[in-house]
Each structure stands twice: as C-alpha cells, then as structure tokens.
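One structure follows; several queries about it will come next.
As written, the chain order gives the labels A, B, C and D, with residue 1 at the start of each chain.
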Amino acid sequence: MRIGILTAGGDCPGINAAIRGVAKTAIVNYQMQVYGISSGFQGLLENSYFRMDEFHLSGLLTLGGTILGTSREKPFKKTKDNKQTIDKPELIRKNYKKLQLDCLVCIGGNGTMNTAYLLSKEGLNIIGIPKTIDNDIWGTDLSFGFDSALTIATEAIDRLHTTANSHKRTMVIEVMGHHAGWLALYSGIAGGGDVILIPEIGYNMDVITKYLKKRDNNLKPYTIIVVAEGIDCPKNISASSYIAQELHKQSGHEIRETKLGYIQRGGAPSPMDRILATRFGAHATSLIAEQKFGRMVNLKDNNISSLSLKEVAGRLNKVPLDFKLIINAKQMGTCFGTD
Amino acid sequence: MRIGILTAGGDCPGINAAIRGVAKTAIVNYQMQVYGISSGFQGLLENSYFRMDEFHLSGLLTLGGTILGTSREKPFKKTKDNKQTIDKPELIRKNYKKLQLDCLVCIGGNGTMNTAYLLSKEGLNIIGIPKTIDNDIWGTDLSFGFDSALTIATEAIDRLHTTANSHKRTMVIEVMGHHAGWLALYSGIAGGGDVILIPEIGYNMDVITKYLKKRDNNLKPYTIIVVAEGIDCPKNISASSYIAQELHKQSGHEIRETKLGYIQRGGAPSPMDRILATRFGAHATSLIAEQKFGRMVNLKDNNISSLSLKEVAGRLNKVPLDFKLIINAKQMGTCFGTD
Amino acid sequence: MRIGILTAGGDCPGINAAIRGVAKTAIVNYQMQVYGISSGFQGLLENSYFRMDEFHLSGLLTLGGTILGTSREKPFKKTKDNKQTIDKPELIRKNYKKLQLDCLVCIGGNGTMNTAYLLSKEGLNIIGIPKTIDNDIWGTDLSFGFDSALTIATEAIDRLHTTANSHKRTMVIEVMGHHAGWLALYSGIAGGGDVILIPEIGYNMDVITKYLKKRDNNLKPYTIIVVAEGIDCPKNISASSYIAQELHKQSGHEIRETKLGYIQRGGAPSPMDRILATRFGAHATSLIAEQKFGRMVNLKDNNISSLSLKEVAGRLNKVPLDFKLIINAKQMGTCFGTD
Amino acid sequence: MRIGILTAGGDCPGINAAIRGVAKTAIVNYQMQVYGISSGFQGLLENSYFRMDEFHLSGLLTLGGTILGTSREKPFKKTKDNKQTIDKPELIRKNYKKLQLDCLVCIGGNGTMNTAYLLSKEGLNIIGIPKTIDNDIWGTDLSFGFDSALTIATEAIDRLHTTANSHKRTMVIEVMGHHAGWLALYSGIAGGGDVILIPEIGYNMDVITKYLKKRDNNLKPYTIIVVAEGIDCPKNISASSYIAQELHKQSGHEIRETKLGYIQRGGAPSPMDRILATRFGAHATSLIAEQKFGRMVNLKDNNISSLSLKEVAGRLNKVPLDFKLIINAKQMGTCFGTD
C-alpha cells in the first residue's frame, strides 16, 4: 500500500511524533510506501511531496513543530464572491490519484478534521489524527499538544507567583483557547490561579471585583488571574488587556498583564504527548491496514480507538459546565467570575 | 467534623498537592477541622500532629515531597518472633479516638492502602488516596507521581541519546519499578528506547544480543536500553549492571550504565500530577462529607470516583501483556527481550 | 553588630539567595543580629521589619522573588510641586537609629544603588548588592538575575523556532531591557536569532527589510527577530509590535509577535545566579565585619570584590559598540539593523 | 583556506555549537572551505571526513553531543611493549597534507589539548578549543559544557532535598570530576549541599561524622552530601558508595546514594554554554585567518583570547585551596571534611 501524510492548521508539539508513529508502523510492520506531503493541503494542490524512509524518522519523536510544514489552506472554503477560479477539491482528488495513494492521513485540528471529512465524502480514503493544544476536538478525551502546552503555561504561571508575591500585585495571564477553556482551566488549577475565566462560563466583572476585595480584606498578598484568549471581550483588545484594564478601573489595584502567545505551541513535546502521538500514529496505520477509512483515531476511556469523521466534523469539545473539576475548584475558593 | 491526614511509604511528587486538596476543600467548603499527622502511621503511634489552617497550605501545590513527613512504619506487620511488645493497631485506634477524629485520610502506595484497609476493618473511618511513581496501585487508571517521574526519566533518556550517538555506544538506563514496568515502558516509548525490559515480560538475553547484532548490521549508530529495576536478575547486582555486564560478554559492545535512582521521586510535580492530586484530595473530602468511608479515591475512565479499600488491598496493577502500546511498539521495531 | 537588609525595585531570581548569603554569614560566622525590612525603603519609613534567624533562611536559595517584599519607593525623589510633606531621608535616618543598625544592606538595581549612595552620604552605613535581569548596573561584570532571565528568554526563542519553521514565518520576540540590550543580545545569540535589535545600536528598518529579502532569496524558511523593549520606537506601541507592523508593511511577510513579559523575572534562580547571589551576600557581610561601608559588591574579572557606591551612582552598564560578541555575530551573518 | 574540525574525548553540551561557530565564521565571513573529520583523531587516521556547508550547521546551536562523532584515540600514546605497528602521528601528518588542510581545529579536553600540542610540534597548524564539564583545562577561566552540567547536577540535588526532607535522611550524590572538584563545588553550593567533598581537599571521615552528629543535635531534619567522583577512596567502589557505607558505619544514619552518571554530559547546552562555544568557535577561525597557530582559545577575565598550546599541555586547572567561594561556604556552615 501507498499512503500520504499531511499536517495542517497551527503547529503543536507532538505532530512529528505522530508522523513517525504512522510512518514507522507503516514501513517496519506493513512494508507500505509512505509519502510526506508539504505544507498541508497546499502540498496536495501543488504536488509537493517526498518519499519518506525510516531514515527520515530519526529524531522526530522529540522535535517540535512539523517537518512536513503546514498551512492554513482550506480547499473547501468558498471565496467571498463564491466564484472559485479552480476547483480545489477536484484538484486534490486528481493529485491523490496521480500519487496512487491508498490513503491520506490528515494530522490537524478542527478545521482539518472538517476538510478530512469532506474529502472522505468525495471518495478519498482518509484517516484523521487529532492534534491541538486547545483540546477542543470533539470525539477524543485528549489530543496531543495539550499536555505540552499545559506544562509551558503552568510553568509561566509558577513564575508569576514569585513576582506577584514580591510586589503584592494582581497579575493577569492570557493563555490560548479560542472556543474552549481547557488550557486556561487546567493551567489555572495546576498553577494555583485564584480567578480562572474561560469562554464556556460567562463572567461578571462585579463578581471578580468583589472577589478581589474579599482577598484584600483577608490580607491575601496577591492574586493570579488566568484567562483564555476566547473569553467575551471587545474585539480590538486582547482578553488579558481587557480584564486588566477593567479590574484596574473597578478595584484600583495595580494590575500587570502577560500574554503568553506562541511559546505555548513550540518546543519538544512532553512525554505523555509523545506517547499519545505515537499511539495515534500507530493506530492510524493499523486502521489503514484493515482498510477502515473515513475515521479519526481517538482516546476514549483510556483506550485508543476511532470514530467516524462524520461524527467529528463541525463539532467542538468544550468544557462542560458541570465538570467536576470546576465544582472542586469552586469548593476550594477559586473564582470563575460567577456567583 | 474533624479529620486527620497522614502520608506513608516512599515520597513522590504531588503528595503535598493532595494534602492541600483535602485540607482546602475541608476548611473552605465544609468548615471541618484538619489535623496533619507526622511521619505516617508512626505519628499516630506517637501522638505527633498539628492543627492545619489555610495558612499552612500556601505553596503546597508545587512543593515536592511531603510536609507531613513519612515513614515505613507498618503497624500490622508481625515481628519475626511473632511477639509484639505493643499492640500497634490498638494504640492507633486509641489515639484516633483521643484526637476525636471523624476520619483519617491515608495518602500512600500499596502498603499504605493495605494498612488503610486493615484499619477500616478495625472500625476506623478511613479514606485512601493512591500515590506512587510506579503506577502499580490496583483500582485506579493512574496515580499521581507517575507523570512527574515519567518526565524526569524521559528527560534523562533524552540526554543519553546525544552521548550514545557521539560515542556510538550501547547505553543501559535503569528506572524505578519493582513489580510493575509502567515507568520503564512509558519512559522507554517516550524516550525512544530501542530495548525495553519490564518485570511483567520475561526477557531472553539471546534475543537481545541478536537484536543488537541486527542493529549493527543495519548500521544503527547506537542503542538505548531501558530497564525496570524489578526485572529478573541476580540479587547482588542491580538490573542495569546485570544487563550491561551480560550484554558486554555476549556482544562485545562497549556498554555504559546509568541508574537513575532517587531523583525520579523528587522535585515539583508535573501539572497533570498537581491536577490529579488536587482532584483526588477534593474528592476524598467530599466522600468524608457524605460519610462514605473505607474507600480509595481513583481515576477510572477519565472520572474521579472511588472503590472499596477491600478491593484494592493485596492487589497490584501490572502492565497487561496484551497492552496495545506494547503491540504498537513491537510493530515499530522495539525489542522487549522476546521473539 | 546589628544589620538590616532590604530589597527594592523590581524583583528578580536570586534575591532570596542573596538575603540568605548575607544573613547566614552574619549569623553563623559573625554572630550578628539580622533584621529583614519589609517592602524596600517603604519598610524603613514605616518601621516594618522582623528579626531573622537561621530558621528563616531555609529554602531561600532556590526561591524566586523576595521574601522581604519590595516596592518602588524612592525616598529622595522630589514630588512635582517640590513640596514634601515629610522629609523621607530624615525619617529613614531616624528609624535606622531607632533600630540601632550598624549597617543597612540594600539589594536592588540602578535606582536602589542611587538611593543607597545618597543614604550613605547622609551618614548611614550602607552596603549595596546589585541585582537585575538587565545587567545594566555599572561597576560589575554581571548581576544575578541575568543568567536566569537569559535561560527563560532563550528557552522561549527555542520554542519559536519550531513554530516559525512549521509555518515558514517571521517571528519577533521582545525581551526586557529598557536601557541596555544585554538580555536581547545574549538570548539572541544563544537562541540563534537572525536579527537582534538593542537600544545601544540604532537600527535602520530598510536594512532589516533588505536582510529579510536576502533570506527569502536564499530560501531560508523562516526568520527569528529578537528585540529589546527599549529600542527606539513610538511611545504608544511596544517594540515588538512596532517592528512587526513596520516589517509587515515593508516586506509583506506574515509576521507574528511575542512579548515575553513578566515571566522573565520569575521563578527559581539558575545555578550560576544562586552562586553569584550567595557570593555577593557573603562578601557584603565580610565588608560589614571589616567596617568598610558605602560600597557595592561586584564581580570583576572573575573575582568578588567591591567599589565605592559613589562610582556606581548615576551610571549605566551598556553594551559597548565594539563588543567582540557583536563583531563575531556579524561575521556569522546576524543582522543588527545596521550595514 | 581549507580547515578541518575534529572533536575528541568525552562528549559534552556545546561541542556542536562550537563546530557551528568555527564553520559559520569560516564560511560566511572568510569563504574558507571546511571539512568535518569523523570520530576524533581516528578519522584522521582513516581519512574519514566530509565537506561541511552552511546547510550542515542548521540546528547545531542547541544540539547536544557532537555530529562529528568522537573517540578516545590518542595517536601519541605508546603501546605497552613500546612497539607501534604504525606511526600514527606520521599517518596523521600525511593525511593532513593529503586533505590539503591549512589548519586543524581540535575540540576536546585535556587529553586532546595535549595531542593538539604534540601535533603542532610536528609542524601541523593547530587551534585547540577547550570543552569539558569538569572545567579542569588549564589556561581558561571556563570551558563550555560546565554550565550545562552544573545545571543538570543542581537540578538533581534540588530533587533530593524533597525526598531527604520527607524521609529525614542523609543522601549522598556523586557528580563527575576525576581530578578537579569544580562541578561538585559549584553544584554543591548552588544545590545547598551541607557537605561537599572534592579531590583537591583531603577529607577526614571523623570530621564528617562529627558534623552529622552536630546537625542531629541541632534538629536539622536531613543532610545532603555532594561528592566528586575523584575523591580519595578504594578503587573497587564508587565515591558515593564509599562515603555512604562509611558514614552508615560510623553514624548509624540511614544513608541513600545517587550516582548521577552520564546524564550530566547529555542534552542541549545551557544558553551560557552556547554563547561561550560560539565565541570560542568564532575566535578560533579569526586566529586561523590571522595565521596564528599552535594556540588554544580561552576565556580570561571576561575576554575571549588565546594562549600557546605549549602552556596548556600537561597541566590541570584545579580548585585552588584558597578559593574565596570555599571560604565563604565554610563561613556559612558548609563542611568540606576538614576542621
């Protein structure tokens, strides 16, 4: 058999480990031919690829980013005037045939799983592998990238504690998460955040102000506020700037802001992410060997399995409001911006 | 209500986070009184304890080890001549009453869960919280401490790669795990180990020697071997020394050995361990509030719940031989010492 | 003898190690009495202090921030209308006498060394200990805090490489350094930055644009730009935003920006910073024992010694334009925004 | 010009950064041709080398180990019977000519600098670059590799504190350093070691035992002992095992031992090591351009310069007994095994 691998959307730690997992299993165990496609779906449009041998896989387990490159190319996206100059899905189908692929492995996030589903509807054999530091892909308990980003974000919050304590300050830190607050929630708990704001839970600024006042009254020397970038706030300002600015207005506190940014997505994957990515990759290849296509590999109740891409497409994995960790955190005094 | 907390057995990252989880939930949410008992069960024998306030919990989330101290005291263990000078279980029961405890939270490993079960049989209200870097406690998918130890062990293996490659050497690294090979297996996979030896799988030295020869023939420049301390080997030699010595004899390879030792158990817990420990702690307190005693909190299929200490006592969580990760690893070329 | 210690200005890793160095030497070797003064010079104005015993020093070596707290209080600073309601220097002198101090150890940056000098002119016995992540204190080859900040900044740049490479992007990262570019220069070199902009070297945007174009022509897949916060740019915009915005205009490149912020100053000190802080602290105490006052401890040509605070006050340690490291970096192809 | 680079002796972090420093300066600034020679002096004996282009240098700054490989080959070492079958120095000279080299850059430790000196006496143009985690090369204030090893060793000692404290134990950790105790001394200070034993200072076991007893009397809960591998002890036992065993005998303390081993030498170099290695490399090339041969680059009083290999050969950089850091540490209560 002959398979192609591409990586699309934003990069994250563990993608290379997943590429290695797919390719090593394919080459060593199944004697498949493996092609690495450059820059996501753009590489399929431009016929840009190379044959991958075991040699290419050395060192991939620990390497951040993706050696295949990635792009934001979305072949099914309509242009504004609804007139496409080229039929991209058709071109992808043609190049898939030309490359004589038996299957295309798409490693990516929500957008990529959507495209993967649409391509499988067009008749291509597709396997999706979920990657995201946001953990917002529906159908899997965990995606690789999340644990690495959590480690980076938590370490950053750890650092803020010493400065906040020395200066008796309120500090706001913004972590990634447009639609889902997993990273803010987990890094907030792990980093001992006093206030945690996530997109799933609407916050009330008065509640937070009152909470800060209570901390002042109880002589708590400082406060750490962890916010997801996707919380409700005006468009022309970042989440952390908005919260810092409003809280300063309402509380008079001297407030300092940190926007963690791109470093959350870079560098070597954590051990757990390497293992998850490896398992996802190996399982993807075994699905191909069994000719089970149109599926995304997942982690469910501690087992690696898969589900139909159809189920995944168009859905999001958000933090459930009744998540026990939130209840626990509230019991321990954490403020989520609600009463 | 009035609760006691003790920590017993070997220390590991996350114990303090669990203490904080129990105590903060107890104090903030349930207005319970909390007593920290010193040095494990020894503290109960010697009436050594102190009242814990919220003040004591500051900084515990990230602190390695246990602020309560720990010991190897096993109150139900028979002395050799089977004649106890004091009836330790009786003394513990007496001091438990004297302290007017409504429940005793025991944070520890297998031995501690065993003692916890026996104390609950004696009529004490007990909640167990599992901690171990070996991940060998029955009844929970994961114990805190494991992810931190995995991170340390994997980082160490990462380091060995550069030296092994520069010198074209075979290197053996021994990680903890007396009865269960979880840490060796996971760090071996995450660290790209070529050979992984765990207690659950009997190894054949000839198979390993043949594997090394094959690598030589394929011009692989070096080999990393990860072994659990508990694999089958003579008693007067460590696992890594034995494997290094035997492989040198059989293959002629220049082999270097590293025994990772105590650093695997020290330092700040990983973010995931902090979260797991916090959740275990908070859930333990909620069980107490509901007067559900004689139970160990656990993680099962992604949920925090609990099971009877009776089920846990005397059992071990070993790596199952049909574990899919092992099958995956074999397909990718990893050697487990078997054909 | 009886000495006071205070920490003023922005916090940085190693301050606690320096406090420990002063106090442990004073207590163990010289049997001095040591008082910790809270929140910098504010604590001297408000008579806020506590007696430090050996017990207080446990754990300080690795702890970030300052257990004494700090403030931006500058007792010699004139108010705008030039009318002080209270004579702060006089009040400090009074409280210094009241506390019966034989010497006041001031740990801080440039502003603090200035105040320290002015207090010594007022007749107080003062020893200064330089701390700053900017390394901009005159008279010492190195201040503690710098190596820790360098480690954090370099790790962040390392992370950006994988993302920049995956997305073929130009990325700008802003590190601290208002007046001196040491941190940007060192982290830029250590992190393999392609462009490094520091306050000491005026940059020309056209030169940078031309440099980017040359990289495009040479098919370099991505570019990392490291800027100090203090480079010449409009006041209402951060250095990294300005550079990103201007380069986007001129080159059309998709440019991403990271402002590292407060995490550069937090967390445990690096080993070298712990050692430097310890040595500074111990030497400060030995100066006190020898009754040599009005001096700042320093590192000069690998030796710990001291110089007069008078020499230090009002001066800055900037990167010299003929610094060999800059010449070396230019020879290796790094762009400093100049021809 | 045409230059060769080889790396010999034990690997350490920063070697690849130094290779990059030499080659990038040579290629970009001086348009020299650069040859990488495999496996140290063995590569010169076997004519094993490859042409290095800028392309080969990508990623080297952060990569541990040496991409050229290394070996323990010592071409001037006499065999036992004093009869060489081949004249290795002559063969090296021949191959040096054959490769038409104008200079050979030798990156290595003491042994390598010795060989480098002997080769320069044979008429070859040689530049030496010092690398060692032991910091025992004469003529330079610092060698790269040391700061990285210090970071690893200190982190390990940090971890031991939490375990030692939880179990109230005495723990012994052995770090590298055959002839010089720099690493033990610096990591011992940075890690807060209570006892530090180095080869330069003869220790008395009774003094250490007495010191432990004093700590017991003062209710210090635990003790950390840092030893260099090269301290005086029987040959058939490691330094840490010997100290642990003897102290157990004399004090009755339960003592735990950790031998840090190879992980001290692996992994990515610290930022300061990357910078030092880069500067050494760049300066080596500028010496070549100026035709100044027979020299070793060094760091002296904060400046990169060089000295004659003749001065370096056969000498060792040991910790001076009057080193102020030792005096400071003693004043703060650290025990060096002497009165």
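Side notes on the structure shown:
The rule we apply is simple: a residue touches a chain if its C-beta (ideal position, glycine included) is under 8 Å from a C-beta of that chain, and two chains touch if they have at least 3 such contacts.
This is a predicted model, so every value here is computed, not measured.
The chains that touch both subunit A and subunit B are none; no such chain exists.
Shared contact partners of subunit A and subunit D, listed by label: B, C. Homomeric contact subunit C/subunit D: same residue numbering on both sides for over half of the interface positions. In terms of the distance between Cα centroids, subunit D is separated most widely from A.
With each centre defined as the average position of its C-alpha atoms, the distance from subunit B to subunit D rounds to 35 Å. Put simply, the C-alpha centre of subunit C and that of subunit D have 30 angstrom between them.
Mean C-alpha positions place subunit B and subunit C at a centre distance of 41 Å.
Multi-chain contact residues of subunit A (touching two or more other chains) are listed as 158.
Pairwise, the chains that make contact are A-B, A-C, B-D, C-D. On the subunit B side of its complex with subunit A, the touching residues are 21, 24-25, 28-29, 61-62, 141, 147, 150-151, 154, 158, 186-187, 189-192, 268, 270-272, 274-275, 278-279, 282-283, 286, 301-304, 324-325, 328, 331-333. By the touch criterion given at the top, residues 7, 10-11, 13, 15, 39, 63-66, 69-71, 152, 155-156, 158-163, 165-168, 171, 256-263, 265-267 of subunit A touch subunit C in their complex.
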